[in-house]
Each structure stands twice: as structure tokens, then as C-alpha cells.
């Protein structure tokens, strides 16, 4: 399998702060790669750097063999990278429908089909279709955010803590949906819910202090008590 | 750390103030003193505005309202009665009462409104004051305005210079203390997140009204000084231009800094003086207003947080951040 | 402004020949009244040259003048006036374009005891409630305008409606007009005031039409004007004759719809037929590449002439008290004929002109054509400074 | 009756004119949330450049086109150099656009001189019809028609394309819109350009309405435009039309029936509307974060 | 134990949609109650009603037997109901320390003091710092809140609530987005407060293990209505809860926990 996405010694500054200090990892096509690490380790910043929202100051980000670290965000997104941000990024004043409309890149049958699938996945969205996004409950916002990323045909999805605020049953649904998409869409997942991460993840990277410090297959991680304790605080 | 800086700033201001107090003994360009007096007056006005925009996060387009009340109070008292200190104090008193009352009512009426709507409502209220001043001609002589005499004490412009200077420093110190008081801190919290301030147990409207009243009264005092310095008042004291002046001075200096308001007032008045002087020497400066406009644009480009705001965040905070973590580091 | 001489500013005795006489001129070089300010300034300079035969010298003393821009803002006017008085030690003030600017400066003339010649601000209060003895008003005031306006149309039995902007200028103008018109036996049937910034005058015009006057007298200043709507609403077709003061050339061009109207004017370059005006027109064209003098150019010139004439009489003595006694009642020749500073209130009595707007070939705007000159006696306003 | 019709017709026309002046601002201020104090400068430039082209070519239509092009160009330049760095920051917007306003209106004087200029409509729009006691001014009817057309056109675009949504979304969360693959900079520039073009259109139509144009006209009408946008309910086109007509009609009727308040009518109207409906006539209530 | 908070028929409707539907509960003093339910069930809205952010369309709220339905959020906080927010809600451009200091100041009742410098109240700052230490955020005390990572903001949110020292704590998903490593620490804090035994706590969470661990009782909201109310064990046995909320096709417990 080839690397769909590759980060090589990426460093990122925000203002005068040096946040990422050497992030390197590869994402294989068709896999779910999980980024782990404690609060403030730099997981979100890593995803934002890939999206070009906090451009890398050093190192390279390669997507499908092309360096994208210097491109503007919208170009990166257009290349087929979807993003579910940590804070959901709902347009509070727009209705659910309008939120989706803004997200849709191409209006075609494919999209329509995916839309049906999404509404089946999250029936709540259909219920609040004409309501402003700002009125949604925390979990519903999370669903909408995920839905917006699902609606386009993306080769790569960056998902930042999807399970946050979701009821267990919905978490399950999201996991299922990710597994369903796996063949067309590669996924980079930041997740604190270890159950979820370990169930659907194929490969993991641990980020600490802005550096990738460990990596391996999910199986290895599950078995490595030492590593789990040290970096993830799970005993 | 910010605070130490703040204290340094205060000390610096006091030194400058001392220098300015002594200045008339060694130097006597009355024109300069008139210019400086003007700066002090507008600095007071701009500081009062800063309390709203910089500390409480309220943008008002009607601040001229209070300025005008002050200016007309003194003018009418001096014209209709006697230009004596007694009436002067009565005028000051009535300014305080009127501006306090008006800002209280305006606050009650308007402060529940959100940003733009609030700004426009204040604009309309001050517009109504303008119309009132225009229409109440027996009192105000309409937009031609009227001149009046001032008490003995203020006739000498050097005296008046000192008075304005002292008042400016006093008001600066007062506002500094006010904004740093527990109450002032709550104002800043309101600026940041009104709803959260509420749920912390602070009665937001009370605070906003307090800020509005303090700001209104101080603006009224600035209006008094302004009218005395001109010995003339007309409807222009209620005009949008006056509000814009306060706005510009505050923003150029840097909102939420107080000193910025003073610096902004100084910068605008000096630039104005300088550019109009240039206009007499070079033809291209005949349209000096263009250069004035360009100054505004450049300030935004090079001092995005205003002059004081930008300078005070730039050179001091050179801290190299290395993702300070107290947790034990793990070797790769 | 480079001159830092700090010798006795009250000096200027006739023996002191070296000391130049300084005149501080306040005018709007920017702001709403920029055009007026510039006319005054041109006129003033021409006036100095005319009165001194180009030597800029009187009784052996050089005459210098320093121009300051009031920006049409009272606070700036005060600041600039103080600078002129304090720093430049001027002997005279001249100005300014706006009434508010001027009123704000008047007390300074008194405080510093310098003669101030007011030009072209027109408010009645300059020689009325705000008068002090240092003030000489070379420009005509609103009352004179009004008297002239009345003289042009008011007769026994004539019904007149007025339309004016709703602020001091308009209100004063109408008040004065009313007084003058009534004196001539006319009846004022309607007084309308409009928002000076209005875009729509329908209701005012409607009310005027309903009042069925013989004449509509309009007092107006400023760019935003009702002329177009007056013609659109066919006021003249309804038998209401419109009358107003003819403005400067730029504004005349907006009065196309009013061709044929009778009114008055302060000045138009081919109206007064006299030697000085001929000189003014010729010289103005020469200096300013063919431009003709405009509404307030002769005013600036008159102000300068009156100062020079006064100095000639005092033999170069710029002492204010001396000047005041000299100037009170003084007559002097101007492009608008002979003017006289009235002793009581220092208002310059002067001619105004009853005119008719006509289309003239080769001129892109309606031209005021003389009907008759209104003599200074005729236009003399009431004395109001007591 | 004639009186009422006269007042209504003229109030309506004035309202439509105000709408035309405010339409651009509805996009720029209402939708994009840019406190553009230079808006008056834009319509003054529209008025001057349009008049100039009209005089050069003799065609009013080409004049209007000229104004719109000038407005669009100015819009592009302004967006690129002045507005772009200050999106989302009202304080900076106030300062920088006031600076721009000074530059724009002084430049007018540099190019066309400080004097007012006469602007009259083309012959086919001159004059008026008199039907009984009702006076119908041709140019005013023209204004009403243009106003309706602009309203319909913009409403169509906002309803049938994503542009309006994208702009609103962009104002709420610029990063997210970009992360969804939209070049928001370009969209903003486009909308700003259209807004400036519409301002210029308003300006060029204003000239013949009052008969004169002058460099100060920008500031004079900008406040009116702001009033309309705010009481209409920020960025709501229907609201803007409604508010503009309300301003026009109340001006017209107040001046007739309560002349003493006519100076205060706009301010009173705004105060009353905002006290009764703090979110503007057509504004939505506040939305929870 | 006496009843501290009681709701009677509490309802709120948003334009036809009833988000909270006649919920009547009574929470005794020093009780720990958890609220669960599907997304959009009305949990946060219920909190909003208790804390005064929203006014009910129907029903009453009592605090120590006193009707507080009409109280403003401010008043409720002063009365003794403090809350944290699900969507992080802090003062973005103030430092972390100042964020908490404001809460401490409010707790101390220093509200309209405008003549003394706020530094006069040194204790406030010290106290604020203590709270920050408690939630493991003291190393970030001088950062602006806006620059915090998500999990850090959550901790700040909790610190601000704790600093208010209110009788009642409403915690809306306090640990959402907090890292695995730090959840136990926060849990520890909550447990300790519980153990101190002078607070009444209402907790909204989706983490079942946490709920089972902490709660004295659990209530389940479903479509705005009160579906069940009982001991954790009872709730876990409830069929509807199992199928509509928990699902259970995949193992919902962390593998190792």
C-alpha cells in the first residue's frame, strides 16, 4: 500500500509559539490512522497544519505525492481532504440545511446518495433541517460537523475527536460509518475515547510536546501496557 | 508582568506631566499651549470613550451627546447668567447631573441591545440632541452658536492650560484605578463574554450602566473644557464629527490602554497642525486631508492594535515558547 | 510664521517705518465652504494690490498677510486666530467664510484689541448680539440680503411664501425678509423650512402651492438645493414666481430650471459698472488664467481696500482705537461701488442688485442680468447691536 | 387625496433612492459585517465618474455603466488593500475606512475641483406629468423602477446561488469555510466589488435626482444608508427595501404634517424601531453560540 | 435529607419543539445525580432552565423550597447554583488566571468596588491559583484562554465553576475531549468534592463508567421527557435505556478499564 499522506519533520509556529516541533508520520491508503496524546500535545495543531490552517514553518506535508504544505486551505480541501474540526465549526446562524449546502462541493447524484445515507445515519439532522445550527444540542452539532465532511467525496478525512459529546449509541454509529467508508476513504483520527480508537484504528501515532514519539499498529499498542501507561495514562 | 509595565507607563506619564506643567515657565509659544490644551481636552474625551470601547467593549456612535451637554451647560450658564466661578461650578454641577442622568437613561434604554444596534441607537439619540440644540434657538442660537465670557481664572490661557493638564492627569489616574478595580475587571470580562459574566454572578447591566455613566460624566467635563477654551459653542459639539474624533483618537492610540487615548489625541492634533502648516509651504499639501487619511490607513497597517497597544505587546514579550510542560519528558 | 519678532505688538507708531503691518486672514481652504474661502482670498490679495498700486505698502510700512485655514470648524478657527494674534502679532484679522467660525473668533478681536474685518460671513449677530467695537463687517449681512430680496419683489398687496433651510441661516434670513417685505406692504402667506439635507421637498412645495402666493422667496445655501424639484413640480407654471439670491457661478449652473426668475445678487462680474470692477475683472482673468471673479471675490477685495484706506488715513498707525475712530463712518470705493462702515454697528452699507436670470449664448449657466441697483441706503439693515 | 398620492409617490421614490444608496451597504455591512465608513466615498465616486462619462459620451446609460465600472474597480482595490487585513475587526475597520473616506472624497476635489457640479437627467427622463393634482416626476418613476429591478436581481442571486450563504458562513467562521474548499477571499472580494458597484450606481442616480453633486455628498448620505441597513435588520435585503421606503415615506409625511419634527424624523424612526425591535425590522433574534 | 432543588412540571418549548417536557424531580442536599440521555434529549436545556439561561414556558423550580423560576442567571449563581458549559465558554482574551480570579471575586462578593486596585485582593489571586492547580492547569496560568488546547479549556471551565463554590454544581460533560490521562485526575477532583460532602452535584455525561462510579442516582431524559429516575443499577437494567441510548453492539467499556 502506498502512503496517501506523509508528514516529514513538520514544525509549526503559532505567533511566537513553537507548537509542533517535529511531526512525522505516514498514512496508508484505506487505513484508519489514530493520533493519540494528552491535552495540549499538538494533535489538533497537526490536523490544522495538514489543512493549511496553521501552515507548517518547516518540513513537508505530502498528499498523493504532492507537497501541499504551502497551499492555501481551500485548495487543500479541494484536493479531496475533508475536515471535522475539534470545535465543530458550525455556522450558527445558518440552518442545518444551509450548513450542508455550503459544504457540498458538487451537486450530483453521488452527493444525493451520500446525503440520504447521512440522514439515515443521523436522523436528528433531518428533524432539525430548517433550524439554525446554533440551536442544536452539543451532540447534534457534532453530528452536523461530521455530516458536512461526509457529504463530499473525499479521499482523506481528518476527524478531530468525533466521539466527544455523542451518546454511546451514536458513537457506535459513527464507528460503523467509518468502517463502512474505509474502502474509499482514508481516515486520520484524533480520539480520546480509547475504546473507539482501538476498535477502528489500524495504526497509531503518539504525539507528545509537539513531536511524534511512538508509532505502531493498533494491535501492538493494545498489548503494550508500558506504552499505554506512559503516554496515555491508561492502566 | 503586564501590570509592572502598566506602572512603568504611569510613572512615565507622570514624568511627562511634570514636564508639561513646568513648560510654560521656560517656553512661551502660546500657540503651542493652545494646541496642547486642545490635546488635553480631547484626551479626556477620548479616555472617556476608551472606557466604553476598550474596557467594556461597547461601541457608541453617540458619545458627542455628553460632550455637547457639557459644552452647552457652561455656555448657557455663562451667557445667561454671570461669568463667575459660582456659575461655573453650577454649570459643572448641572453637567454632571445631566450627563449622569442622560447616560443612565440611555444606558437603560440601549445597553440591552447588541453591538451595531446599540451603536446606531446611540447615534440616533445624539442626533436628537443635535436637533434639539438646533431648534431651541432661544437658548442655543441654533447652529450659528454664541460666544460667552468666562470667569477671570480661565481667561489667562496658561492658567487654563494648567487646569486642563491637571484634570487630564487626574482623570487618567482615576480611570486607571477605576479600570483596575474589581469593578473594572468585571467590565473587561463583559467585553470578552457577556453571558459568561452573567453566569459568574455579576449583574451585567449594572456594570454597563456604571461604565456608561462614568464615561458620560467625563465626556461632559471634556465638553465643558472645550467650550471654555473656545468661549463659543454651537451645534457642532453634538455632531458626528466629535464622536468620530474620540473614536479615532482612541483607536489610533490603542483601545483599552487609556494612555493610547492621550497619545492618539496628541498624534491627531499634532499631525493636523503639522499638515496644515505644510499646506502653506507645498502645493501638494493643499489637499492635506488626503495625507491625513493615509495616516489612518498606515496606522492600521503598521499598528494593528493602535500605537500603544502594538508597542506594548511587541518588544517585551520575546519569550521563546518551547511548549512548556511540567510533565516528565520521555526520551524517544 | 517664521517671524518671531516680539517687540511691542501694540506698537506700529507712524514713526516706526521698518515694522511691517500684518494682517491675518482666516478662510475656509478646506471643508464645506472651501470655494467661498478661495474666492475671498483671491479678492483680498487683489484688493491689497489695487489699494497700494501693487506696492503692498502704506505710509512707508510694508503690508504682509498670513492666511490660515479654518477648515470651516469653529475650534480650528479659534486656534488659528489665536496663533495669528499671539505668534504672528497681526494687526488685523480678516475672515471668515462661515458664520460659526467668525462668531467664535469675534471675542478674540476684543481680547487682543485688534480690528477684525469680517468677510464674507453674513450672520446678523456679527453686528448684532455678538458685536464688539473691534468688529467691522465689510460683507453684507443676512438682513441686507433680505432687504434686497424684498426690494426686488415686495410691493403692496403682493403675497409671498418663503422657503428656507431649517437652521440659523435660513431662519434669520426669513425673519429679516419678512420684516422688510412687510414694510413694503407685502403679505407673507406661508413660511416653509426644510431639512437642509433633504432629498425630497414635496411636502414643502405642496404646501407652498396650496398657499397660492404670487411669489416664492427662497433663502438657500449649500449644495443640496430645491431648484430641480421646484421646476419638476411646476411651481412656476402654477403662476408662482420664484425669487432668490443668485449664488456663485458653480451654484448658478444648478439654477437652469429657474431661468426667468427675478431676484437679487451680491455680485456678478459684469454687473457693477465702475473702474474698480473693470480692473478687478481684467486683473483676475490675467492672474488666474481667464477665470472671472465670483460672488465673494469683490468682498475679499473690499475688506483689503478698507484696511488700506484706513491705514492711509491714520498714516500707517495700526493702533486699534485710532483705527476704529477712523473707520467708523469711513467710506471707500470697492468693485461694488462705494461702501460705508455705519458708525453705530460697523456694518458696511453697500449696493446690492436686483436681477433677472437669463440664458446667455456661450455661457453654460443662467446669467444674472441687472434690473436695477439697490442703493446702500435702500438696503441698509436695522441696527441691532444695542 | 391628490396630496396623499403626491406625498406617497415622492416618499416612495425617495425611499427607493435611499435603498439604492443602501443596497451596496446591505451587502458590505449587513452581510459581510464590514463597518465601511468609506461607503459614502464610493457613491460619491460613482456620482462623479458617472456624470463625467455621461458628459463625455452624451449617453446617460453609458454614464451609469461607467459609474458601475468605477465602483467595481474601486471595490476591488479597496477590498484588496484596505479591507482584507481587517476582516472581523470592527475597531480597525472604523479607522481604516475613515482614512479611506478622507482620501476618496479629497481625491474628488483634486480631480473635479471643489465646486458642486450640476447633474441633470437625460431629456427623456426630464420633466413631469401632471394628472389632475398629481404630479408625477419622470425621473422619480425611473428611480422606483431601477430600485425594484436591483432588489429583484439581488434577491434572485441570494436565493438561487450559494453566494449569500457562503458569505454569511464566512463571516461566522472563515477558517471552516475554507476547510470546506471554498476560496472565501475570492467570494468576499466579489461581493465587496458588487457592493461597491451598487454604491456607485446609487451615486450616479442620485445626481440627477437632486440636480447637483458635491464632494461632501458621501458623508451626508452614508449615515442614511447605515440607518436603513440597521433598521432593516442587518443584511436582510427585504428589510433594507422596507426600511428605505419607511424612511422615505415618513420623511415625506412628517414634513407635511409635523414639520417641526422633520429634522429629527430619521433619528426618531431609528430610535423607535430599535427600542421596539432591537434586532431591526426583519432581523432574526439572537442565535446561541 | 431535605430537598435542595426541585422542579415541577418543568417544560420549555422552542417554536413547537418541546425540548424539556414536564420534568419533575427532587434532588436532596449533598446528593450526586447524573443525567443521561440521547443527543438532543434536553439535558443541556434542562441545565439552562436550572441555571436561568432559559425561562421555562411552564413549570416551576424551587431551591430550598423557594420559588426561583423568575430569577436571572446572576441571581441563581448568587443563590447557589453554579454551572459549567458544554460548549466551552470562557473569557477568550483574558489570562487563565484572570478567568478564574473573576470567579473567585464573584464568590467573595466583591462586585462594585471601584476605588481599590484589584491587586489589593491578593487572596483572590492565590485562591484562583489553587483552583488551577487542582485541575492541573497552573502551568498555563499566564496564557490567554483563547490559546488553550481544547482539553485545557475544559479544565479551565471546571476551575471557574469550582471557584464559585456554589452549593449546587451543574456539570455539563466536564470531561468531553479531555485526554485519557487526565480524566482520572478530574474525576478525582469531583470525587473529592463529593466526599467533602457539602455539595450537591448534577452531572451530564455520556461516559457510562464514570456515571456508574460516581452517582447516587441517575435520571434519563428522552425526547425532553423524564424516562427513568433511579439508582445506577436500576437504570442500567432498563431495557429502553439499553436500546435507545447505550446501544451495545460493540463493547462500550474501554478495553482495559
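Labels A, B, C, D and E are assigned to the chains in the order they are written; within every chain, residues are numbered from 1.
Here, contacts are C-beta pairs under 8 Å (C-beta built on N, C-alpha and C of every residue); 3 or more make two chains touch, one makes a residue touch a chain.
Quick caveat, the model's predicted, so the values are computed rather than measured.
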Minimal step count in the chain contact network, subunit D to subunit E: 2
Taking each chain's C-alpha mean as its centre, the one farthest from subunit E: C
Chain centre separation in whole Å, for subunit E relative to subunit B (CA means): 42
Gap in Å, rounded to a whole number, between the CA centres of subunit D and subunit C: 37
Centre-to-centre distance between subunit B and subunit A (centres being mean Cα positions), rounded to whole Å: 49
Multi-chain contact sites of subunit A, meaning residues that touch two or more partners: 17, 38, 40, 135, 231
Numbers and ranges of subunit B residues touching at least 2 other chains: 134, 287, 289, 325
Residues within subunit E bordering two or more other chains: 87, 89
Subunit B to subunit C touching residues, read off their complex: 29-31, 34-35, 38, 134, 137, 141-147, 149, 155, 157, 226, 229-232, 234, 236, 276-277, 279-280, 286-289
Sites on subunit C touched by subunit D in the complex: 32, 34-35, 38, 166, 192-195, 197-200, 202-204, 206-207, 223-225, 227-229, 232-234, 250-251, 253-254, 256-257, 365
Residue numbers on subunit D that touch subunit B, as the complex places them: 82, 85-86, 89-92, 94-96, 98-103, 106-107, 109-110, 223, 226-227, 230-231, 234, 260, 263-264, 266-268, 270-271, 274-275, 278-280, 286
Parts of subunit E lying in touch with subunit B, wherever the complex brings them together: 51-53, 72-74, 77-78, 83, 85, 89-94, 98, 101-103, 105-107, 110-119, 121, 139, 142, 160, 164
In the complex, subunit D residues that touch subunit C: 3, 6-7, 10-11, 13-14, 17-18, 109, 114-118, 120, 127-128, 130, 135, 137, 139, 206, 209-214, 216-217, 220, 248, 251-253, 255-256, 259, 262-263
